[in-house]
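Each of the next two complexes has subunit A plus one other chain: subunit B in the first, subunit C in the second.
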Partner chain A sequence: MFYRLAGVYHTTYAGERKLWPVPADRWQALGVLALGLLAPLLVGDLYLSSYLLPWLVWTAAALSLTLLMGVAGQLHFGFAAVMAIGAYTAIHLTRFGVPFEIALLGAGLMAAAIGSLFGAAALRVKGLYLVMATLAMQYLVDWTIINVPAISGGAQATLQAPEVSFLGAPMTNDTVQYYGALLWAAFLTVFIMNIKRSAFGRALVAVRDKDFAAAVIGVNVFRYKLLAFFTSSFLGGVSGAVLAFCYYEAVTPEQFSFDVSIQFVAMVLVGGLGSVIGAYLGAAFVLLLPIVLTNLVAGLADSGLLTISQNLQSHIPLMAYGALIIAFLLFEPLGLAKIYDNLRNYFRVWPFQHTRN
Partner chain B sequence: MAEAGTDRAARGEAVLACDNVSRSFGGLQALKNVSIEIGPGEIYGLVGPNGSGKTTLVNAVTGFYPPNSGTIRFEDRQIAGVKPHKVASLGIARTFQNVALFKGMSALDNILMGRHVHMKPRALASLFYWVWAEKDEVANRRQVEEIVDLLQLESVRHEPVEMIPLGMQKRVELARALAAEPRLLILDEPMAGMNQEEKEYMVRFILDAREALNLSILLIEHHLDVVTAICQRVAVLNNGEKIAEDAAKNAMSHPEVVAAYIGKVATPNSADAAHVG
Partner chain C sequence: MTYFFELLINGALTGLMYALAALGIVLIYKSAGVPNLAHGAMIMLSAYFIYIFASLVGLSLWLAIPIAAVLMFVFGLVAERFLLRRMVGQPIIMIVMLTLGLEILLRGVAPGFLGAAPKSLDLGIGLAPMIVEGVFINRAYLYGAAVAIAMIAVSLLFFQTRLGTKLRAVSDDHVSSWSVGISVERAIGISWGLAGVSAVAAGALWGSVQGVDWTLSTLLFPAIAVVILGGLDSIWGVLVGGLLVGILGSVVPGYLDPLVGGGTRDVVTSLIILVTILVRPYGIFGREDIERV
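Right, the complex of A and B next:
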């Protein structure tokens, strides 16, 4: 199973625990980052603000959730509510004239406080019961936002995000919005990877894998579950604020409904539980694949290759999308991250395939 | 030997002293007034048939099933009813009957996890890994490598634990317990399911570890050859009661112990029963 790449020798303990211990992976990551930075020059405005930008924000949300669901193993089916708390907090704070940077922090803290409050109650139960408890959070938060005019701005209301600037750059500019989302996604990527390679992350994984064995080596199981809820909700809250200011520019309760929570869970599951690259791939799958499928079917219908009714034309993508999710979970339960890993291993040892496994 | 232990305890030197510990689950009395004392540096054996309460006693000590009555003293502290993670930070480590490793981690990470009470795990420290956590990680890794060296785990350190053979997994679990630098080590059947060679290795590692780390050890084991070979004293439990406590060899031939293990022999003279065993 374990082998070294030719020519890669670690001589220090710190070197072995680098973010990317293999130089090839490091160059690859740098390349992707460079592409991300140059994207405003490379792709058109439409693609930038309606594909790349939401993908980055959804990835950030999936990364926040995968810390809780994948690394710490606590299921959360109300993550959209956490993001809603962050989004509404940030908008109200900026409306009161609080600088955007501090409003982001406030959004995170508010989401973390309410999130861990529910977490503390929910963590007395495990598995499916935890799912039910977090679902309750989704509905309670939804109901509160809709029915308290001070928060939602009235029934059926849309709250406009005020014009703010982040570190001097105006957040109404498309390019600035894109870079804001990119910065947040990159920050989260490094944060989650750092958590996974340090004592805090190991303790979370220990609690996930065997809580009694974790307790016997000194891990306060409840405290770490709660810390996972706190950290993940904090990041989710900030992601919600980033979503509101960088993408929607206005918030309504429907943007954070139960459907969205399920989408986040799907991203984390399809991507691969606890995987950083899985969050990117999962978000792309859940967010972009329906669009690709719709365009594909519409294109086929327009070109006359596929003669079907308008009605069916709009349903086929949904069916195909559902089938694809099931297929992925059947053939690779560890998600897209595992598929990526298999591919990487294939090319790493090619053509000496016997060295695999 | 038994008298020597009691003397040490009387002078307050016992590392672990359980006094009249009782624990019941519903109507089942799993432990009935069990008292044991483990002296410093001692390897104390705990044997008895299945269901006799050995693991329950260990669970009472480590805080999973606090005793209904009786006291447990570790060094100078009362630990009856203290939560498991607190017990661990006081200096008691244990292994489990069925290997309880963290499946999602490598052997190395499992052993590093044993250093938990000596590390400062914080989310913020992880965020600023390079200036905050890295030093801690490297320093603890150095400690872990000492244990890896002691238990000869070099070849499997980077393997995922579920991929390595059972004998090695048990060794990794021992390493994880030792990494916490405990003063009392509780081993719950460390040799279950092992062949003769693996058993001999394990015994050697346990003796080495005791010497290197200055440990007292409570050993639960069904392999009586191992128990008689390395334990100074042995307590025998049956149906939740301590039926004998003596130097290892003597305890094994105690008539009640023989009766508990292989049933009562219908002879009027109990000395004959001992002879059968």
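Right, the complex of A and C next:
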């Protein structure tokens, strides 16, 4: 019924490799984009700046990470540190009067340089040892930022983001910030989808599936692993800068702590490794579910339906978040992307279930 | 020079207590090949159990600790049976993330139900430092180190027993162990239980030093450094790795902290992890995995 494949004929190679070969998918993507563009008119300022905006920025970060973890198969438990490098670089560059557009580029390059430096060091190992090495990287970057006053602006300091404008639009009001985040998320979506169907992406997938086998068929494993770290860190650095300018409007080291790194990994896993739509769904789930749950419990407690202590109430997001990760890994290891795929397959033949083989 | 010896000795004692915290990770990795990142939270949970039975219920400490040990043994069995066993054959990222999810869950549950404020756990050790030749030695660390050495010795001896031999066989090869009639599932379950018991020892000692709250779960980081440095599947590695991590983590900050403004202990720990992985990923005593295509 929906997502119909009837009438979709590929007469050219280019047509067969389109991003959305099925018209229904294309319309759906355009519809979501239209909703995203109209969102400032549809929802209130509060929802826009405290739900939609962080969702988009976190999605952008999850997309950058899923390129590394899902497509290239390199585990990274220090992605928040990469974003911190980007955020601090962008803030310092703009404070020196560099235009925001160039500062974003500088943020990406700085994050990519340091990120691939660590990547190169960690590339002798894989799996668990890569997890540990990137975890150590997270602590090192954290410590450097906190203890070098030239970067953090002194102990316990918060660096305010200067007022900047992007392509002529001042990044101070909520709507412009929202569109900035939307632009970046949309760009990343198309970018990652294109990487996945390019020779570069296929080489990364070969490395992910078995690096020795990839080497045998002529993929330079070291080069592609390094490129994956470089690309992903670049995108992560820019995402960090976008996070700092569009959402927090300031930077402190705590915004990029180890727990945030774990959050990104959880988003990628809950969404589904290597999936673009999974990054959106995973970010929404991991970021928004604890907030929604907290509000729900707080509402119930306020209305007297539920009597729990303040202390327990404040720990519920943490419990929900942990239980969420465990539940997804146990019951749906392929993540929300798989659930979406199942639904899509169901509706594709609905109501003629028997035609599904 | 006294300052140096003070750092050295107290560092070595702290290191042995880190070794105690790391012992459980090795026990599990050795048999199951699972890196248990929830071990920090298991130590925290043990400390909360001891606190419940000693302070809230009012039992004697020497009764509370065995009860906590039994509970943690069961916790280990349950965690293995219902969480980790279902993940057999999954990619390592899934397993790592599952244990991290368990860590986050425990970090929410225990302080959530029992209160987040730090609670004191008095083992009756006393706060007065011991002074030997002008060197101040922390008495709690001294007793902790003694317990740690005892626990490590017990684990070494345990691997010589009949059950321990089975566990060693399982750690060598799951399929071969199956074929000679060893129940691999049971062996892995037992090693999880034993890791729980070792967490109780660590929880009691660290809880008495730091107070019982969620920060006990951050012991995971030094414990990881210990097992990476010593080798993920070696009990001797825990001892040597613990001593090295403890001494370096005490002597280096002792001289560097005044110069750079503090917090170098985490840097030393991170560098130990990074350098070990660069130079010798499988650690000092660990077994090198040979990968076949």
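The rule is simple: the second predicted complex is superposed on the first by the 344 of 357 C-alpha atoms of A that agree within 3 Å, B and C clash if a C-alpha of one lies under 4 Å from a C-alpha of the other, contacts with A are read in each partner's own complex, and residues count from 1 in each chain.
The rule is simple: a contact is a pair of C-beta atoms (placed from the backbone, for glycine too) under 8 Å apart; a residue touches a chain by one contact, two chains touch by 3 or more.
On a predicted model such as this, the values are computed, not experimentally measured, just so you know.
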item: Which of subunit B and subunit C A:M132 touches, first, second, both or neither; value: second
item: First (subunit B), second (subunit C), both or neither touched by A:I277; value: neither
item: Partner chain(s) touched by A:A107 [first = subunit B, second = subunit C, both, neither]; value: neither
item: Touching partner for A:W143 - first (subunit B), second (subunit C), both, neither; value: second
item: First (subunit B), second (subunit C), both or neither touched by A:A241; value: neither
item: Subunit B versus subunit C as contact partner of A:F212, first or second or both or neither; value: both
item: Touched partner set for A:V251, first subunit B, second subunit C, both or neither; value: neither
item: Chain touching more of subunit A, residue-wise (subunit B, subunit C); value: C
item: On subunit A, the residue positions that both subunit B and subunit C contact, one per complex; value: 210, 212-213
item: Subunit A-touching residues of subunit B, taken from the complex the two chains share; value: 62, 64, 83-85, 87-89, 93-94, 96, 100-105, 109, 112-117, 119-123, 125-127, 129, 133-134, 136-138, 140-142, 158-160, 163, 176-177, 180
item: Residues on subunit A engaged by subunit B in the complex (per definition of touch); value: 1-2, 12-14, 17, 191, 194-195, 197-203, 205-206, 208-210, 212-221, 227, 231, 274
item: Of subunit C, residues touching subunit A in the complex; value: 35, 83, 86-87, 90, 92-94, 96-98, 100-109, 111-113, 115-116, 221, 224, 228, 232, 260-264, 266-267, 269-271, 273-274, 277-278, 281, 291, 293
item: Subunit C-touching residues of subunit A, taken from the complex the two chains share; value: 69, 75, 121-122, 124-125, 127-129, 131-133, 135-137, 139-140, 143, 146-147, 155, 210, 212-213, 262, 265-266, 269, 273, 311-312, 314-326, 329-330, 333
